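Both complexes shown next keep chain A, but they swap its partner, so chain B is in the first and chain C is in the second.
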Partner chain A sequence: MKTVTITLANPPELYLEGQNITPDNFAGKKAAEIATLDVWEGKLKSPLGKYFTVEGEGGATAADTKIVLRGDCTRVKRIGQQMTAGEIVVEGNADMYIGGWMKGGKIHVKGNVDSFCGIGMEGGELIIDGNAGHHLGSSPRGEWRGMQGGLIRVAGDAGNDTATFINGGTIIIGGNADIHVSTHGEGGTVIIKGDAKGRVGGQMVKGDIFVYGTIEYPLPGFQLVGEVEQEVDGATARFAHYIGDLGERHPVSRGKTVYANIYTRL
Partner chain B sequence: MGELIIKNGFVFDPLQEIKGDRMDIGIKDGRIVETSALSSPKTIDAAGMAVMAGGVDVHSHVVGPKVNVGRLFRPEDKLFKSPLKRCDRMEMGFSVPSTFKTGYDYARMGYVFVNEAAMPPLHSPHVHEEIRDTPIIDNAAMPVFGNNWFTLEYLKNNEIENNAAYTAWLLRATRGFAIKVVNPGGTEAWGWGLNCESIHDPVPYFDITPAKIITGLIETNEFLGLPHSMHLHCNNLGNPGNYVDALDSFKLAEGYTAKNTFGRDQVLHMTHVQFSSYGGDSWRNIDSQTKEIMDYVNAHDNITIDIGQVTLDETTTMTADGPFEHHLRSLNNLKWANTDVELETAAGIVPYIYSPNVKVSTIQWAIGLELALYSNDLMRTFITTDHPNAGPFIRYPRVIKWLMSRAARDETMKTFKWLDRTIESTTIDSIDRELTLYEIAQMTRAGPAKALGISNIYGGLAPGMDANVAIYALNPEDMPSDPDMIENAFSRCAYLVKDGIVTVRDGEVVAEPAKRTVWVDVKVPENAQVQRDIYEHFLRHYSVGVENYQLFEANLHNPRVIEVDSTQ
Partner chain C sequence: MAKKIENVGCPFCGVCCDDLVVTVSDDGKKILEVENSCIIGSTVFHRAMSERHTLPRLRQPDGTFKEISYDEAIDYTAKVLHNAKKPLIYGFGSTNCEGMAAAAKVAEQAGAVLDNCASICHGSSFLAIFDNGYPSCTLGEVKNRADVIVYWGANPAHAHPRHMSRYSIFPRGFFTGKGHKGRKIIVIDPRHTDTAQVADIHLQVQQGHDYDLFDAFRTVVRGHDIPDVVAGVKKEQIIEAVDIMKKARFGTIFYGMGLCHSDGRNHNVDIAISLTRDLNDFTKWTIMAMRGHYNITGPGAVWSWQYGFPYCLDLTKRDIAHMNPGETSSVDLAMREEVDAFINIGTDAAAHFPIEPVKRLRKHPWITIDPHPNMATEISDLHIPVGIVGVEVPGIVYRMDNVPIQYRNVIEPPEGVPSDEELFERIYERLCELEAEDAAREPAKAAPEGARAGE
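Take a look at the complex of A and B:
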């Protein structure tokens, strides 16, 4: 695997739209060619080299390409958007839409990210060492086909509207989650190691949510049906099992009605 | 404006029965003229290409409140599909494109006239503001009458003359073009949570049947002598077994003949008939009844239809048929918008995916094509996709490809998951017919123009008509062996001349000539009773005053008035 290191030398005055910073776009290119890729500051298009210094070169394919971002990328959006393979490491913070619509490969952000990260995700891994903003692993606005697959792991807290319209894949939040988790969900798994604020699983049809701490304001549409022992993220624990959202339609599979499940740790 | 001559093309003009003759078309000051009338024209070399009049779309939902709600509640329809700034204005969206994209894309396909299929009268200012913002193409809009309280009351009491006076007033108040009827009575019943599932189901409170609404509006239309006929979206649309209801509705037109001075022969235009040609009694055993439908249509020349072809895309359904949209929502569980328009109509919107993996979708695809392929008279059978209900209008070239090429149909059918079941439930696999360029010209310009009563202005290339000419890079003596070339040629015309101005060249918009709003102004005798009824209804029931209800001149963009005098 070949590594390209890009360092933010001239930080933008506005936010930078960096959807071209993906292994797919960097693959097969030398440093000078990578420096000519388009980025947008507001509505103004510029070459990537205006803001970043570029070292190294891309591998033959996306899967052979690793990108390392250095410098303060707090204002760089859309890193790794729609990437299909390869690896990205952001040494510090990053802005919104990191790993949006990604299909494969791995992104590791060592700091915090802002909202809309991992939205419309279909596959791959998105690892955040710090906190994530709102709409983590959510569906793009208006879209009813949310996260389809892949893994999002956030060590810290997440904002509100995590995993809206989730259909598949797994989101693991090490800390707390704000309101609205898996709203309209029809599959997938969300694991919250800390507390959840409320409105967890609203209008959820299918899928699982695990909460290790407490749900401050649980929804009345979920009903306690028993206790279960489950293996979650490599460790086994006992949970109270709720089904719901009872106000929503539910499919019938092999004669049995399928509900969404919320598990809270006992 | 200058002069233009289009030389050596193969000209297809069904209005003059010109079937691909090599001839020159002269243009002067925005009109078609004899070539002898030209002095020093610029030349367009159309050698080896097909020359037709600018396209005319009989039925398409392109402007107005429900289209705009579709745009607003489907932001995902624009995701990664915009912005594409190719022309003066931003283009975005797919199934519910922005007004700008609508105008540009129609022009790229060689269309010049689009009839907005349903205008809620109360919201006519919105419709006209969007017409103004839709570049290049001329628009007309049909106000909906089939669930209007005035109409229901007049027709219940057999007051055709009063209904005619009201109709004339409403056409003027909304700057409307023709009488549109959507699920007659059923949309009003929807206000009670009900529907009229056959033409004999009485409307709650008003106690009138859809059959009586349909015949009453046909009589009203011919009493006034409007350019277009009554334009019907029939009851029980989109449900298995509904071909019976379509036939029942057709039969209501028996005995009526067209009375007008606009060259129109039909008294009933039945729209998107694909949605009304289903046999069976459930989604499990739905099948095609196009043979029954087209046997009837072929034998009765006072009827025209358009097909409403399913294009197998992800699209957005939108109609004034409120109960139907609710039904659709319960089938696919997607988001749904619904509204009531006081005293007049309602509307619903639901996104819909017509997938080659779904049996019902592929049967619907076959049904639309069968309607056209079974037609004996393509001057009475038009291409539409009921945009955006069965698919976006940008797929017309693909529909043309399917109609012109058995190989293209076979190629598409190969992608069907339920091919055997589709072939069992339809007759598409037994049809070898391939339509000709002349027949396509009938279905996309001459026929619709004649049915709309505007064939003295649009849809043909006779001297005196508007200089709207579309040139396609297709040689009728050497048609491409690859059917995709047909689709490409109709998607991006070689030239579009609108009002004598070269508007599109090689599929790109190069000029934006002024667009027009076409409406119908009917002169009727003074009618004190109707004046009083309008005053009363607005006083008691409407949330707006009658003065604010009628369209302000400021809302009307570049009008072209078609005058009708029914006092004679």
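Take a look at the complex of A and C:
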């Protein structure tokens, strides 16, 4: 695997849109070629080399290409958007849409990220060592098929609207989550190791949510049905099992109604 | 002999009353009397004669304003738009659709972000409608058919003064001959508002917990049990309200800022739409947003037709429209310091935005286009006065139920003062000139090369 290291030498005045910073676009290119790829600052289209210094070269394919981003990328959006393979490491913070619509490969952000990261995700891995903003692993506006697959792991806290319209895949939040988790969910799994503020599983049809801490304002549409022992993220624990959202429509499979499940740790 | 003009549309709130009678002086320059309107509507007409500027005012280095010509103001505005990397054009609550279309032309040419007041108002309704649909109707249907009315997080007694008398509670319609005697009114609001005074049932929901209460309503509609108290409302009260809603012949939920401006925002509206859908399993139910300004529905209609999105349009890529509130919404753009020029038109961003985004926008050129001086004009670098739509300028406006109405003018604007549409058309022409000058100065660009052209 070949590594391309890009360092933000001249930070933008506004924000940079770096949708071209993906292993797919860097593969098969030398440093000078990578520096000519487009980035946007508002309406201004510039070559990547205007802001970043580029070292190394891409591998033959996306899967053989690793990108390391250095410098303060707090104002760089859309890193790894729609990537299909390969690896990206962001040494510090990053802005919005990191790993948005990603299909494969791995992104590791060592700092915090802003909102809309991992939206519309279909596969791959998005690891965030810090906190994530709002709409983590959510669906794009107006899209009723949200996250389809892949794994998002956030060590810190997440904002609100996590996993809206989730359809598949797994989101693991090490800290707390704000309001609205898996709203309109139709599948997938969300694991919250800390507390959830409220509106967990609202309008949810199918899927699972595990909350290790407390849910401050549980929804009236969820009903306690018993206790279960489950293996979650490599460890087994006992959970109280709720089904719902009883206010929402639910499909019937083999004569049995399918509900969404919330498990809170006992 | 003073002249009476009948069936005049009112340029104040989203109810768009079109039964006003305005008396103007012989010379057609003064408004003498306004009949049938609420006090706010009549003030809009009477205020046309006071506090008017007839020339643009440019801020001087010493902080004072100096009057300049319209040509100079248009040149200044075009240059600000041309030189900015990401200008923001925001407002449009109080102008006509013609002005909005002309502004969109400017935004596209300038590579700007185009946003309207919905961004800090009913924008969350759009997001909910994208996600969940909009089983709505017209206000005429409400008047003629509805026998159960729900006002959720809305206080029309103050915000839309003639809404209840023209459409929802009091009018006698085709199938509603008994007027308010034949209607049940449910008001859901954390405060005992003046609208709650006329309600049969007032549910005092705990502030910020509307979503939980909607979830309880939906759970009861589907025949399941709920906890004894949800969001501060007793189970029996919820069951009673659901029972009335299920037995309606035709019901409408009118919702306002109580849903759009409390925690959850679009999700509160989203679940209200879901409840409306559920109730349609039993009887006919509809839902409607209580849109604020008389033509704030307009930009949604005009820009959806032009670009496919109603607000928060990022046109920096010109031929690709991108919309994602949270990123491309005015307050977020300002808070994140993502824009470097601001045009405020037909609204008062300085009064309506939180103070922090105002401070951040103020670091960059700020131009206000408005007939009257307001808070925004007084902190602007440039104030361009225009004619008042519905009073001095005719045009198309969209009522809160998406019904377009042709407004007329009752008097002429002060001499030399253009309409919003004329002003934006002239800015557009100047912008095109600037671009042509730029293109002439630079050597002709070669055809774009692929990244591997050197190989």
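By definition in this document, the second predicted complex is superposed on the first by the 266 of 266 C-alpha atoms of A that agree within 3 Å, B and C clash if a C-alpha of one lies under 4 Å from a C-alpha of the other, contacts with A are read in each partner's own complex, and residues count from 1 in each chain.
In the analysis below, a residue touches a chain if its C-beta (ideal position, glycine included) is under 8 Å from a C-beta of that chain, and two chains touch if they have at least 3 such contacts.
This one's a predicted model, so the numbers in the text were calculated from it and none came from an experiment.
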Next item on the list: Name the contact category of A:Asn261: first (chain B only), second (chain C only), both, or neither.
Entry: neither
Note to self: Tell me which partner touches more residues of chain A in the superposed arrangement, chain B or chain C.
What the structure shows: C
Note to self: Under the stated touch criterion, which partner chain does A:Thr162 make contact with: chain B (first), chain C (second), both, or neither?
What the structure shows: neither
Note to self: Tell me the contact category for A:Leu14 with respect to chain B and chain C: first, second, both or neither.
What the structure shows: second
Checklist line | Overlapping contact positions on chain A, where the chain C interface meets the chain B interface | finding: 140-142, 144
Checklist line | Contact footprint of chain C on chain A as seen in their complex | finding: 13-15, 29, 33, 36-37, 40-44, 96, 115-116, 134-135, 140-142, 144, 161, 165, 179-180, 183-184, 198-199, 202-203, 217, 219-221, 223, 245-248
Margin query: Quick check: in the complex, which residue numbers of chain A touch chain B?
Written below: 140-144, 249
Next item on the list: Could you pull out which chain C residues touch chain A in their complex?
Entry: 84-86, 110-112, 127, 130-131, 209, 211-212, 214-219, 221-222, 224-227, 230, 263-264, 267, 270-271, 274, 278, 316-318, 323-327, 336-340, 451-452
Check: In the complex formed with chain A, which residues of chain B make contact?
Finding: 73-77, 79, 333-335, 351
